[in-house]
Amino acid sequence: MTANGALRVAVLGASGYTGAELLRLAADHAGVEIAALTAERRAGEPVGAAHPHLAHLGLPDMVAIDRVDWSGVDAAFCCLPHGMAQEAVAGLPSHVRIVDLSADFRLRDAATYARWYGGKHRAPSLQKEAVYGLTEIRRDRVRTARLVANPGCYTTAAELPLIPCLEEGLIETSGIVIDAKSGVSGAGRQAGESGLHTEVSEGVHAYGVAGHRHAPEIEQELGEAAGEAVTVTFTPHLLPMNRGILATIYVTLRDGAEAGDLRAALARRYRDEPFVRLTPQGQAPATRHVRGSNLCLIGVFADRAPGRAILVSALDNLVKGASGQALQNMNVMAGFDETAGLPRVAVFP
Amino acid sequence: MTANGALRVAVLGASGYTGAELLRLAADHAGVEIAALTAERRAGEPVGAAHPHLAHLGLPDMVAIDRVDWSGVDAAFCCLPHGMAQEAVAGLPSHVRIVDLSADFRLRDAATYARWYGGKHRAPSLQKEAVYGLTEIRRDRVRTARLVANPGCYTTAAELPLIPCLEEGLIETSGIVIDAKSGVSGAGRQAGESGLHTEVSEGVHAYGVAGHRHAPEIEQELGEAAGEAVTVTFTPHLLPMNRGILATIYVTLRDGAEAGDLRAALARRYRDEPFVRLTPQGQAPATRHVRGSNLCLIGVFADRAPGRAILVSALDNLVKGASGQALQNMNVMAGFDETAGLPRVAVFP
Amino acid sequence: MTANGALRVAVLGASGYTGAELLRLAADHAGVEIAALTAERRAGEPVGAAHPHLAHLGLPDMVAIDRVDWSGVDAAFCCLPHGMAQEAVAGLPSHVRIVDLSADFRLRDAATYARWYGGKHRAPSLQKEAVYGLTEIRRDRVRTARLVANPGCYTTAAELPLIPCLEEGLIETSGIVIDAKSGVSGAGRQAGESGLHTEVSEGVHAYGVAGHRHAPEIEQELGEAAGEAVTVTFTPHLLPMNRGILATIYVTLRDGAEAGDLRAALARRYRDEPFVRLTPQGQAPATRHVRGSNLCLIGVFADRAPGRAILVSALDNLVKGASGQALQNMNVMAGFDETAGLPRVAVFP
Amino acid sequence: MTANGALRVAVLGASGYTGAELLRLAADHAGVEIAALTAERRAGEPVGAAHPHLAHLGLPDMVAIDRVDWSGVDAAFCCLPHGMAQEAVAGLPSHVRIVDLSADFRLRDAATYARWYGGKHRAPSLQKEAVYGLTEIRRDRVRTARLVANPGCYTTAAELPLIPCLEEGLIETSGIVIDAKSGVSGAGRQAGESGLHTEVSEGVHAYGVAGHRHAPEIEQELGEAAGEAVTVTFTPHLLPMNRGILATIYVTLRDGAEAGDLRAALARRYRDEPFVRLTPQGQAPATRHVRGSNLCLIGVFADRAPGRAILVSALDNLVKGASGQALQNMNVMAGFDETAGLPRVAVFP
């Protein structure tokens, strides 16, 4: 803590998009002071070299991670890629509280991790200790966690609408279809040829059909909510936009339940939540209405097919789907107002 | 017919996007001569006033429909909006063969039409006579038809992959989920505020959830293929691109069937079709690979959830989903090479 | 003023994009309370009907302008279209201070106004009284103004780089070429066919060549800076993006002057300005680095052609080019911190 | 030549965008047969691996350049990057006629080449021999050339409008400002981070200000047309679109000349040209009206500033700005109809 009580924060892997987004949000957060920024390839460079839009914020230069003086750091956001975060986090001193934005600590089962991420976890005890940080659902555990595994963008979009419905037993645990549409920033700044404007704009395609790594993460959390194993059909699509995830979710209602019951369950669950909002009856959520904000919008629809319902959720993958939720978790951990630094109004158009 | 055997064609409603697309394709079709163009609001104007990119083609000016000399016209494409086409088509002399691109003649059941299109059909005998023109499936009936009802863009994308699977009894007729993603041109040139760049770009939303008019059209054709009534869950989405439809279709396999059986059925059915192609195993179709062409790509995937499969189709809504299929149908009707004037290579990037 | 000292503000014409943007910014401005919103066609509707992304802010419903109780209003932003603002502003009680975002009060010469805007001004005395609100240049006059004419988006982008160079006599007053590129939101929400995604995306064109209404506004302000009449060549272009203006400005250097002198003059002029920033030597401004913020970036380049230089400026047309500068002006008028409510970090990517 | 008289063509560097575009165009060219495709990194792969949209054309696999049997090849398109083309071209047997799409043979002056491309030319005799292939201007020399240097995309857009005006002495040779706007495909498929959708969409920036390599190429050709040295101010901009170049060109009229004289000169020069068209008086060219076609549109405008005029040109950088003009040149060289395989209608919207 600084003399004025500000949390001294390090951002590991500051040269990518989630790092930049954290810095954008932190710039309007009175309780956070950026104490250190790391970037391996760009060590020694000023932030403006990687992020011209942040050049004027007076931030420290980016350094190699082993050059950070951790005595001056209270907390860290880890924005490193999957597979690299686990060792970096394992190397941090114990007084540093961490929100990790990678997938490294999200899966609690070591075997599931090994199967989907191609190898043994290299920090298994931390994997056990980590708290899965879907803030609205796990707020109490986040508060006291040392290490929070920030949920994936797709998973946040799937779990926020589905968990209350499963907890209340309103929908079947089988046959859940999650058709998700994402903007390009989800692929990160190292996207390569597949992220080129020429390869993305004016087109759409599915990818990772029946094999995307967010499926086991979704199933883990839905299973916990349902009290039984859940298998989902999850298909992500790449859309010609920078930000935004829309999840269209098809569910089978349990006997007697109606779409209105799902709506009521969601309304109850999120009544006092600042960042989760139900759209009015009949109005479908749009990602443009959450762009740049930490909001998640949810719509509920009765299907024409009897006994079925459709849930639609929208969020900004870089905010509620990544850096925004990370800051929200840090706010909870540090005892700040949970909304500090988090935009509640979209930048539209 | 002209002296050199060219079909003399009129385009009704030439000022919109499907009209323009027909003119683009016809410009490279040696057997078609544009004899008349109609447009009500723009009657008297040259084509270039509505379509600068067609100004140099030496086309006739647009006129009011009652100014056309039908004795010089062999065939017509009707590009008028839903609800306006039926009376225009009913007023054409009997020697003119017609492909109607609107929804007016697609539904064979008068009551279904009235329920979804808000009123009684005003040309019920033509409605009965019209042949539904999904060319690959109905080629024989199209050949001799006087009036072809050109399928909708969403419906073409849904029916081409599903019909062979249903015909062979490989999938259940219930629980079919069609999650469709469309570019903006599908809304036409009178889209209004909802079609503005500011309202569409950098975002995605679902619309007409559980209530889109293409659902009964899909169900009619799938029902015929299955030999029993079919109810589908159909959700269209608006994407920030001009052209393209991607349909991600979730199906339940009948006992014993596997995803490979679907692939085999589709391969058999479309082996000799110039415009329907299966993507290689594991490769998902992308709309950018059909942009501007008359192709429909289909991919088949086994789902992780046992007993389920995923079909993905991609087409250009203005070509195979509208004007291209219309010209393909006219080629069949006129005895031309079915591929004449129809691009088989996408404009990419 | 409210009991806690907040300025009670009305937004006239709240259903468009500049109105929405003002409400977005005001939501984070502790000193501003939205007291009334007007919209003629949508009178009686909640804000969320026009702007779903603002539905949750607890704002008053939109009403017809004659239904506003002005005794509860201290200040107004007028977001009405050109030609409609003058009468609305003339009808406001004298205690209400106004920032008008239309072009109605920007031109001080009545004859110039009549020539470019097609008719006699209907509030000529207000036209004389109005202060042109390019904040960085006119701050002192803005402070005490009752009516501020907020500059156009193109003009702000042209004037901020050019005025210091002209004031210091570093460039010729003739031969100035301003090649400007704008996003679509500048055309407003009633853009019609020309603003459709299909007509804008994947393309670029010039418009209003040698005849755009911002030219006389630019010339008025540059002339005042230069102390002599200035004629500019100004060509706007429409680009496939929602927000942003980039102005590439070609100037002839006065004898002895070099590009470095322009840079030095700009650096001096804007050293203490929070929202105007020079890019580092050799780095061209990009609109994506100001998106959503109130920043204006300026770059200075020596041309290869001897005796010539190139200035490039970038801003967000809805923020520094409209609602942001309007709020900045209101901050000055009300004695608030000039940066209150105004984002200084772009939303990127 | 094949038995049926088709030209047997090789495409060197077939895995990029200009290679793909050549293959798209050649697919509709009855006189061309693709005999060989080369790609270094992807040698051994089928075309569909690099270009799924070309997978169904029955093309030969891509091979390393040293694996080509040149006895079966009549002509080659060289789509290799700048700097790599010169050695590849130098290594081709003398019976193979070549259109090189790189910049390697465009500059006739060895010193100018060395200054702008960072080193001595490695095939100086070929550099001398090469014919600059702006087809409409150099058709006669192209006809008999063995090696044609295909013009750059920016340069084609600048030269087509300017050359006739300079030839007729209607405009000053100094003070020409070319403000050019390009889509992303101009950067090629190896664009890297700067070509990512996230870095390009929803934004615009200038690049290579006062230092782009197309400037000396433009000056070379304009100088030849004018009969004296010409220095231009040339500023390229990157726009969020895939295809298209718009050049807005500001010129000073020679004594007595008017904008109408420029229009008349261009009309005369291009009257019989199939691919160069003047837009109607007052109508600005748009890149969307040439997308996918080999057209170049030119507009002429009187400026408000006396004695000045504005020329605007639009073309598709991958067609008339690269592969289309290359095929046009090959048509001239081979004695084919010059328009064979070249689309004259844009794909819009």
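Letters A, B, C and D name the chains as they come in the text, with residue numbers starting at 1 for each one.
Following the convention adopted for this analysis, contacts are C-beta pairs under 8 Å (C-beta built on N, C-alpha and C of every residue); 3 or more make two chains touch, one makes a residue touch a chain.
Quick caveat, the model's predicted, so the values are computed rather than measured.
J.: Which other chains touch subunit B while also touching subunit D?
T.: In this structure, the chains that contact subunit D and also subunit B are A, C.
J.: Which of the two pairs, A-B or B-C, is linked by more C-beta contacts?
T.: When B-C is set beside A-B, the one with more contacts is A-B.
J.: Between subunit A and subunit C, what's the gap in Å when you average each chain's C-alpha atoms?
T.: Computed value for the inter-centroid distance: 36 Å.
J.: Could you put a whole-Å number on the gap between the CA centroids of subunit B and subunit C?
T.: 45
J.: If you average the CA atoms of subunit A and of subunit B, how many Å lie between those two points?
T.: Centre-to-centre distance between subunit A and subunit B: 39 Å.
J.: Hey, what residues on subunit A touch two or more of the other chains?
T.: 17, 185, 198-199, 201-202, 240-243, 286, 288-289, 291, 349
J.: If each chain is a node and each touching pair an edge, is that a line, ring, star, complete or other?
T.: Here the contact pattern is complete, since every chain touches every other one.
J.: So in the complex, which bits of subunit A are touching subunit D?
T.: Where subunit A meets subunit D, its residues are 17, 184-185, 189-191, 193, 195-202, 240-242.
J.: Across the complex, what residues on subunit A touch subunit C?
T.: Residues 17, 20, 24, 27-28, 48, 51-54, 56-57, 185, 201-202, 242-243, 277, 279-280, 283, 286, 288-293, 344-349.
J.: Tell me, which parts of subunit C touch subunit D in their complex?
T.: 174-175, 177, 179, 181, 183, 198-199, 201-207, 209-211, 215, 231-233, 235, 237, 239-244, 246, 248, 250, 284-289, 291, 299, 301-305, 308, 310, 312, 314, 349
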